[in-house]
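Once you scroll down, you'll see the structures, which are given as structure tokens.
Both complexes shown next keep chain A, but they swap its partner, so chain B is in the first and chain C is in the second.
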Partner chain A sequence: MSLRRVWPLVALAALAVWPWVAPRYFVFLASLVLVNVVVAIGLNLLSGYTNQLSFGHAGFLAVGAYVAALTTIHAPAVPVVVTLLIAGAFTAAVGLAFGVPCLRLGGLYLSMATLAFGFVITEAILNLDTLTKGADGLRVPAARLGGWPLSSDTTRYYLTAVVAVLLVAAAVNLVRTRPGRAFLALRESEIAAQASGIPVALYKTAAFGVSAFYTGVAGGLFAFVVGFLSPDAFDVFLSVDFVVMIIVGGLGSVPGSIIGAAVVTVLYDWLAAFQNYRPLIFGTILIACMLFMPGGIVRALEPLSRRT
Partner chain B sequence: MSLVASLLIALVALVAVGPAMAQQGVSETEIVLGCSNSFSGPLAYTGEQATRYGVDLYFKALNDAGGINGRKVRTVYYDDGYKPQEAVANTRKLVEQDKIFAVIAPQGTAPVAATLEYLEENKVPLLFPFQGSPITRGKKYVFSGMTLYDRQSKMMVDYLVGQRKFKTFAVLYQDDDYGKAFLTAYEKDLARHNLKIAAAEPVKRGVTDVSAQIAKLRAASPQVTFLVLTPGPGAQALKERQKIGWTDTVMVSSGPLTDEKYLGLAGDAAEGVEGLSLWPDPLTSDLPGVKAYRAAMQKYFDKNEPNRYSLSGYVAAMLFGEGAKRAGRTLTRETLIGALENVKGFDSGILPPLTIGADHETQKQGFWVRVEQGRFKQLTDWLKSD
Partner chain C sequence: MTAATIIHVVASGLATGAIYALMALSLVIIYNATRTLNFAQGEMLMMSTFVAWAVQRALGLPLVLTLVVAIVAGGVMAWLVERTIIRRAIGGTHWDVLIITVGLSLILRALAGLAWTHDEFPFPSFFPSAPIVLGPVRLAPVSVGIFGGSLALMAALWALFRFTRLGRAMRAVAQNQRAARLMGISVERMYSTSWVLAGVVGAVAGVLVAPVVFLSSKMGLIVINGFTAAVIGGFGSMPGAVLGGMFLGVLENLAPLYLPSGIRYSVPFVVLVAVLVVRPAGLVGRIERRKV
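Up next is the complex of A and B:
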């Protein structure tokens, strides 16, 4: 077997045994990493593949999280798989509705619009307080699978892991299909893509929808893993963190999204003790990354993997 | 490859098992406490003062004097920037990684609410959070800190109706748990005196322009206008009132709002404002405990000005010290809870004698103040809420 085939199997085995070998806190942390992996892939499909940089993905995450939480509160019998699909579908609809008017925007203007979108969502959560409980925050009950509540760290971890693996597999396949190649063509040159017969508007909007779907599902997982939602959680800094993940990991790369999400989440956790210095350290790492490995960790590792 | 993997797994397994301990966070020589708090974000000043310059100030003095039953206290803090999801992650890290004995003095209703269930489930004491919403009631491992909002309301209404003979009231409140908890409490307490709220106007969190609300409240011409806001909008309300020349109402601020920052922001518009204060003046009070607090601040952090946030953390640490001392050498979470429940008439030298009991409420009182020449002047003795 070649190395390319061995790696996914090693990763799957590691994911499966993790809760049995890791201390409790690291099971929780791994769940957070997996949530961020899903967001990073979603964002990378939009920003890395079709070159539409979004600073509003915390907003999509919030939509998914609140939809999942409210579904669980008002319809506790709905199995968690359906809840996550509802969260993903609803967020995708929001993404499409937002993506269409944004078609006319490019580059910096699109980023500004997505930035505003993030603020609109947190304001909406604050003002829909009969539904969302506004600034007080919403307690999320345990997800249910059949009659079985997923109330322990381990069960929540496995839920997150299974969903993340499925979505990673889907993304890997998507980027190899015709739409995936169309996304890449869009990134290289919109005009060239259009000249080659790619319906630009359709694919750009579709990228928004798919990206929002991923982030919405991740939002649902986030709600169950953390267990408490409030609009404070989904501020613009979280959106920036997501962008950092895909830049550090590697734009336009699924493994890059995974590595970026893992590195940033774990680093963030390690730096919790440094408090006031955390943004400084984070910023320095980001600048160093962009200067010394502009293609992200994945591109920096490429020569190494070729040698083996 | 497989060698590295198996070594890694073995290492992780070792960490997971760890040495068996009698009580997490308590060793022969040390007690470990901690909390997630705001060291960045809107309440960074409050968080930093309550922990690094409050809780730690008391423990520094206590450790230098020999500690608690031969054990020194060490604290660990993480920053949540007032975000509930970070508070959850930080609190789990403290309990599961840093192996703390108890959580002491975290801040804010939403971050505390987000961690309540986890701490109760894992039987980790949550001691004296800096928030006053009654969400902390009825939990076995939770002790409240600040006088809870419904008690504050009772003291305010009883004083204003009973002693000052006011009859018409209006409320300007923040549209969240904090504001609504006060609003419903005011309604209930006024109803006991057969009175009603004449007008109530909400302010969304983060909003700074309150001119429309002030105009509406003025139209109801209340004798008293309660302010249940945070320092920014609170000061804005006072400035707006000054601007439109609304003088025939007494502005009364809620307990958490009655602080120096609010005074500073409002400037001369704060003159004549009244309110309930939960702590004696940290700069001028002659109470022996406050003097000791100022002396400790001078000794350990001479560049840091005394303030009520650090004083509140100092009191929280003192209460923990008292509970742990009473629990004795065999300090466990259960003996600490038992000891704290038996605290009767404890004299901190700062607050009136504290009796905790089965309701797990520590502070239950406050006193009336009025702003005169930019400082709070005490008008009454400690009021009662029982």
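Up next is the complex of A and C:
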């Protein structure tokens, strides 16, 4: 069996046994990593593949999280799978509604519009306080699956892991299909793509929808994993963190998204011990990373994987 | 609402807008020369203002010299950053450089926090606090001062880019790097110059705005408004940056008069998206025609 085939199996096995071998806190941390992996893949499908860099994905995450939380609060009987699908679908609809008017925007203009989107979302959460409890925050009840509440770290971890694996597999397959190749063509040159008969507007909008769907589902998972939502958790800095994840990991690469999300999330958590020095160390690592590994970690690892 | 109130609000809006315009200009200067976005511009402004404040407190300098200290600090810091970090990433994509400046902004904010804590400090004002009364209209001297100071700096920048050899070289690099290099312009030196210039503009903006918003490590967030202003105007265009900044500042100050307080912070962003939907390359920007 080639190494390409072995890697996913090893990863699956590791994911499956993790709650048995790791202390409780690391089970929670792993759930958080998996949530961020889903966001990073969603963002990378948009930014890395179709070259539309978004600084508003914390906004999409917030939409998904609040939709999932409110669904669970007001309709406790709905199974968690449906809740997550609702969160994803709703966020995708928001993404499309936002993506269509932004179709004409390129580069920095799109980034700025997405940044604006993120601000408007947090503001909207604060203002819809009858629904979202505004700045006080919203406590999320445990998700339910067929009558069982998923109330322990381990059950929530498995929920997140299963969803993340499914979404990673979907992304890996998506980028190999016709739309996936169209996305890549869009990144290389919009004009060349258009000249080759790719419906540019359709695929750019689709990328927005898919990306928002991923982020919305991740938002739902985030709501259940963390158990408490408040608008200030979804600020611009979170959006910037997501961008950092995909650029440090590698733009336009699914493994890159996974590595980037894992590295940034674990690093952030680990650096918490350094308190005031955390941003200092994190910033230095970012700079070193980009100076010595331009193009991200995945590009730096490429020669290694080719040799084997 | 009386006309006098509106004039007063528009005046303070123009003052805020002038600061946004300076932020936008410093972003555009770097972007035009190097095609990268400096995420750390706000933190550079914050740092130079902090240094000026600390020096002023330690030595008891007159206020005018504070401005000089800030300008020197801003310029030197920008030069150091460009030469030691950004220059090394010259082969990378502009996404790489963007992340480097994100890292830089984190470092600068953390350093300021370590040196001066994350509290807010009052910054001495250049201008008296008694309002200027013109008939029924009352203007805050600080608004007039900020506006005037910014206009003077903008005029100086305009003259620099329009009339000097250096300015012409910078415009040439912005237009076409290869052609500029063939004409004997050192593109690398223009990179440094653009960073220093942006650092200096940021430093002036910092000293002008600090008395109004207080000095704190979070001051750098103003870069987002500068970025919004630059995009509204049309990124890459210097008149656009000024126009966008003024527009944004006035709008931000007028909005609370007519809208409930809950949504006023969204106003700039809603307007931004509205402007971009109508004019996808900003108010004065033109869509770049790219070839395959």
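Here is the rule we use: the second predicted complex is superposed on the first by the 308 of 308 C-alpha atoms of A that agree within 3 Å, B and C clash if a C-alpha of one lies under 4 Å from a C-alpha of the other, contacts with A are read in each partner's own complex, and residues count from 1 in each chain.
By definition in this document, contacts are C-beta pairs under 8 Å (C-beta built on N, C-alpha and C of every residue); 3 or more make two chains touch, one makes a residue touch a chain.
Predicted model only: the values in this text are computed from it and were never measured.
Participant: Put the two structures on top of each other at chain A: do chain B and chain C fit, or clash?
Facilitator: In the arrangement built by aligning on chain A, the partners chain C and chain B fit side by side.
Participant: Put chain A at the vertex: what angle do the Cα centres of chain B and chain C make there, to the nearest 10 degrees?
Facilitator: 70
Participant: Under the stated touch criterion, which partner chain does A:Leu12 make contact with: chain B (first), chain C (second), both, or neither?
Facilitator: neither
Participant: Which partner reaches more residues of chain A, chain B or chain C?
Facilitator: C
Participant: Once the structures are superposed on A, label A:Leu251 by its partner contacts, choosing first (chain B), second (chain C), both or neither.
Facilitator: In the superposition, A:Leu251 contacts chain C only.
Participant: Which holds for A:Ala135: it touches chain B only (first), chain C only (second), both, or neither?
Facilitator: first
Participant: Regarding the shared-chain residue A:Val240, is it in contact with chain B (first), chain C (second), both, or neither?
Facilitator: second
Participant: So in the superposed three-chain picture, is A:Asn127 touching just chain B, just chain C, both, or none of them (first/second/both/neither)?
Facilitator: A:Asn127 sits against chain B and chain C alike.
Participant: Of the partners chain B and chain C, which touch A:Ile73 in the superposed model: first, second, both, neither?
Facilitator: Neither partner.
Participant: In the superposed arrangement, which partner chain does A:Ala22 touch: chain B (first), chain C (second), both, or neither?
Facilitator: The answer is first: A:Ala22 touches chain B but not chain C.
Participant: Determine, under the contact definition given at the top, whether A:Phe119 touches first (chain B), second (chain C), both, or neither.
Facilitator: second
Participant: Enter the shortest inter-chain Cα distance between chain B and chain C once the structures share a common frame, rounded to whole Å.
Facilitator: 5
Participant: Let me check the overlay on chain A: which residues of chain A are in contact with chain B and also with chain C?
Facilitator: Of chain A, residues 126-127, 276, 278-279 contact chain B in one complex and chain C in the other.
Participant: Could you pull out which chain B residues touch chain A in their complex?
Facilitator: Residue list for chain B touching chain A: 5, 9, 12-13, 15-16, 18, 39-40, 76-79, 82-86, 88-90, 92-93, 96-97, 109-110, 113-114, 117-118, 175-177, 204-206.
Participant: Could you list, by residue number, the parts of chain A that touch chain B in their complex?
Facilitator: Checking each residue of chain A against chain B gives 10, 17, 21-26, 28-29, 32, 126-127, 129, 134-137, 139, 222, 226-230, 232-233, 235, 269, 272-273, 275-276, 278-279.
Participant: Would you tell me which residues of chain C are touching chain A in their complex?
Facilitator: My answer: residues 37, 85, 88-89, 91-93, 95-100, 102-107, 109-111, 113-114, 224, 227-228, 231, 235, 262-263, 265-266, 268-270, 272-273, 276-277, 280-282, 287, 290-292.
Participant: Using the touch rule from the top, collect the residues of chain A that touch chain C in their complex.
Facilitator: 53, 101-102, 104-106, 108-109, 112-113, 115-117, 119-120, 123-124, 126-127, 189-192, 195, 236, 240, 243-244, 247-248, 251, 276-280, 282-287, 289-291, 294-295
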